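Before we start, here is the structure in question, set down as structure tokens.
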Amino acid sequence: MSLFIVNILDGLVTGLLLFMLCSGLTLIFSMMGVLNFAHASFYMLGAYFAYQISTYVGFWPGLIIAPVIVGVLGALIERYGLRRVHQYGHVPELIFTFGLALLIEEVVQFLWGKSQKAYEEPAILDFTAFSIAGNAFPAYKVFMIFVAIGIFLVLLYILTKTRVGMIIQAALTYPNTVQNLGHNVPLVFMGVFGVGTAMAGVAGVIAGPVLGTFPGMAFLLGSIVFVTIVVGGLGSLWGALLASLLIGWLQTFAASYNVRMEDILVALGMEKPVDLASSALRDLWTLTLPQIGPILPYLLMVLILIVRPQGLLGKRET
Amino acid sequence: MTGIEANKNTGTKRSDDLAPHKWESRRLINWSSAWPWVSAMVLLLALPVVFPSGSAITIMNQMAITIIFALAYNMLLGQGGMLSFGHAVYMGLGGFFCMHVLNWVEYDGLWLPLPLLPVLGGLFGLAFAFIIGSFSTRRAGTVFAMISLGVGELIAACSIIIVVFFGGEEGVSGDRSMGPEVFGFDFAQQREVYYLIVAWLLISTLAMYLFSRTPIGRITNAVRDNEERAEFLGYSQRHVRWISFCASGFFCGVAGALFAVNLEILTEENLNTTQSGIILLVTFLGGVGFFVGPIIGAIVFTLLQTVLSLYTEIWQLYLGILFVLTVMFFPSGLTGLIAVHIAPWKAGKLGLLAVPYAKLIIPLLAFVLSGAAILEILFHAREASVGDEAMTLYGITFNSHSLLPMIVAVVVAAGSVVIMKRIMPSLKEAWDAASPVSNAP
Amino acid sequence: MSIAEDLQPVQLAVELENLDKSFGLAEIIRNVNLNIETGERHAIIGPNGAGKSTLFNLITGKYAATRGLVRLNGTDISGLKPYEINRMGLSRSFQITNIFPKMTVFENIRCGLLWKMNYRYSFWHLVDRQRDLTERTEEILEQINLSARRDNLAGTLAYAEQRALEIGITIAGGADIIMLDEPCAGMSTSETEYIVGLIRQVTEGKTLVIVEHDMGVIFNLADRISVLVYGEIIATDTPPNIRANASVQEAYLGSSLEEDG
């Protein structure tokens, strides 16, 4: 039971982290109709910038400065890259963001090298917050949960209570009308792109010390992020939240319960082949749950696509 | 930039392919449509005679396989408007399957002449595309792109788990020369393999070209342009996409089989996202709007990759920059760049462009070289082992940690940008003069 | 007004039975009942926002009805996909020009022919070698006066030409029920005349359902007219009777009818 609670909390951390990326991605997608395949690359840039900053002035200034730099970079890329490609159509836009993701990975390797960086959590948070029956829960993860929730509250406030938020919501539904009312929609787009990427940057800053800061981190998390928003329903914020938590827990639980396929098969009354090494089914027999943990999100996606193509909370397929 | 504008002006005629065709033709073969194929065949047969070295044949084999893969990829992207981010999977799976078939031939006495192996690879690719396509082709656009990425990742992740099929980290290897001899060839030599690959290159290219001219091929274009309209003409957009997806899967499988024959090993790297990104780059670089685009893309890319990786460690960075610049400034790719010159050429005004182009080429070259120099110096200064500060670039040896080379490179880069900006207006003028008047808006 | 009053049995091409369509809380189509006879030219008119296009989209399968039935030649088509309805012999055009802009005029028309000429999903025919296909395409190009434009990209045509092409694609498949959604929208008087002549010619002997704003076109072309106001059909009758109908005048047409007619 105690392991269960620790897993719930661990999954929550992963889920919230996913949601920090998914929410920015969904916001950008709903407003501009473009899915930013390079979104996770901004998350990676956040981690690397914060690492670089931390080598000079420590962890805390990086938490603020790195996302700002990432956001500005995102806004510039929107202004001078994406807006230009937009005229060629939808598919080139997608290709552009995909190419951007490849390029950012190469640039990161160029600037920081291929190996993992020693980006670590601040010493002040390097203690065990509490432990449940011997399972320690680090204070840094508590901190991550609070940062994530704090950011969503701010975002929710901006979207529902401020004038800018009203314009964003209106632009989501009627982009042309809002433009006709005299609002500068391109500027709003640039802002949303900047804020969305900055949020990915924050996620990178706080996840870097836990998940590792290395050039492959963008693609590793990025593909899970896309799976998440397909599962949640493209363009649905609540769907993204639900799917993020679901996938967070799915991965955490799969990693910590060593369910072996062998036990299941034997329980089903099947006989283990004597000569396992030459059996065509040997992979099936040696399979364990932690082993298939990484592919569970993808399997979930395929399953969802077959039974509910529009995603958990997505709008009806028209 | 001027190229794109010119494209708009001259784009009144269809530009789906550069190969000529006459719909009136009633004969089975007519010369005007056959000459590109015949000359390609002659060229391909002659190439190993001109470049007999082992490394040249290796590069040409790689090129031919990439051409088939890129053409198959463009059946989706160019013809059907479907952007796949996980297409390496279909080629990779075809390859893995063929590797197992080769092993069955070697150890289990399966009778199969090697030249027929690509058929099996193709069918395996097709079968897999049929399954995946059943749910992924429901929508085009973003949803399709994301599902393709997810499925690609799923298969790539499975390759570590399903060791029986994917062979774990070391992959699956085999021996291609164990099958029955065909006309006295056992395909142990690279050169024999070259001719096998080239034969399949011609067959596949012709088949894919003809596919684009069948009812389903045409309707695939229609669905790409306007899926709603196609539905109201009796066609299910989903079925149309599914069929093209399967056809593409078949030729990806053929490419995979040839890959297996060529290298005799397949690993996880053959189906991961990087591989899928490369084929997208190849196709886009060549030009998705043209049948010959992927062919040009594959040739240029393979040469570029070979040359760059020979001279620099950061060649992938250059490819990434090239990719993004192509999408931003030349969305119709190299073939598009060639195609916009056809109208001035037909009008006999291509000569007008010669002087401005000649003026542009020097600062452009200077900019590319100095830009690369900046990156190389930075890279050397950071990566080289301590004490090793001497680097050689363009035949000049200097200290990468001193400021002077960097300053020179930056000045040359900035200078060439200024000169190019100066030349641009005259280039644009020349373009306006060279574009046929009748096509002006 | 009612078909049932006729003594001879008539074939019905389209039947709408208690048709309702809501988007969220907004009821766009309310309890519409309408019978369109085979071979008649039927016009649907109504003020902006009356639900004409929605009604069109319900009949052609683009939207699913909230309640009620649509029958095509006596067969219930509720829940069928647009392509299935098209295969049953109904073809439509669009209010906003809906062609294949990056394909040639010739290929646009040919795409409209492929299914009906049984080429379907074939990958064993070469389209350029099919004499029947080419000849039929040429005939239709001749009919819509676009033969001279055959090798131009459709997207580069003038507006009126694109509208003609749109009609050409719609009739190409030889469907016996043709539905045209504002074919004359945004056209000059001479262009309108040309298009009306074209419509008259290409829909000879077929059932035509047309939505149009231009009253001149309607009263000139239609055998019968239905007036749709706020999602309800308030009258269905011959043009002279519609003109004289007091409730129609009151609800919609006013005095403009006399001027236009």
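Labels A, B and C are assigned to the chains in the order they are written; within every chain, residues are numbered from 1.
Keep this in mind: a residue touches a chain if its C-beta (ideal position, glycine included) is under 8 Å from a C-beta of that chain, and two chains touch if they have at least 3 such contacts.
The shown structure was predicted, so the numbers you read here are calculated from the model rather than taken from an experiment.
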Point to revise | Labels of chains that are neighbours to chain A and to chain B | key: none
Review point. Of all the chains, which has the CA centre nearest the overall CA centre?
Key: B
Revision key, fill the gap. Taking each chain's centre as the mean of its CA atoms, the one lying farthest from the centre of chain C is chain A
Practice item. Let me have the rounded angstrom distance from the C-alpha centre of chain A over to the C-alpha centre of chain B, please. Key: 31
Revision key, fill the gap. Distance in whole angstrom between the CA centres of chain A and chain C is 48
Check your understanding: From the C-alpha centre of chain B to that of chain C, how far is it in Å?
Key -> 44
Review point. For chain B, which residues are in contact with chain A within the complex?
Key: 77, 81, 83, 85, 135-136, 138-139, 141-143, 145-147, 149-151, 153-154, 157-158, 161-164, 273, 277, 280-281, 284, 314, 316-317, 319-321, 323-324, 327-328, 331, 375, 378-379, 382-383
Practice item. Could you please specify the touching residues of chain C with respect to chain B in the complex? Key: 60, 81-83, 86-87, 91-92, 94, 98-104, 107, 110-112, 114-116, 119-129, 131, 134, 151-153, 156, 169, 173
Exercise for review: Spell out the part of chain B that touches chain C in their complex, as residue ranges.
Suggested key: 11-14, 21-23, 25-26, 210-211, 213-219, 221-222, 225-226, 228-236, 239-240, 243, 247
Practice item. Show which residues of chain A lie in contact with chain B when the two form their complex. Key: 29, 35, 37, 81, 84-85, 88, 90-92, 94-96, 98-100, 102-103, 105-107, 109-110, 113, 219, 223, 226-227, 229-230, 234, 280-283, 287, 291-292, 294-295, 298-299, 301-302, 305-306, 309, 317
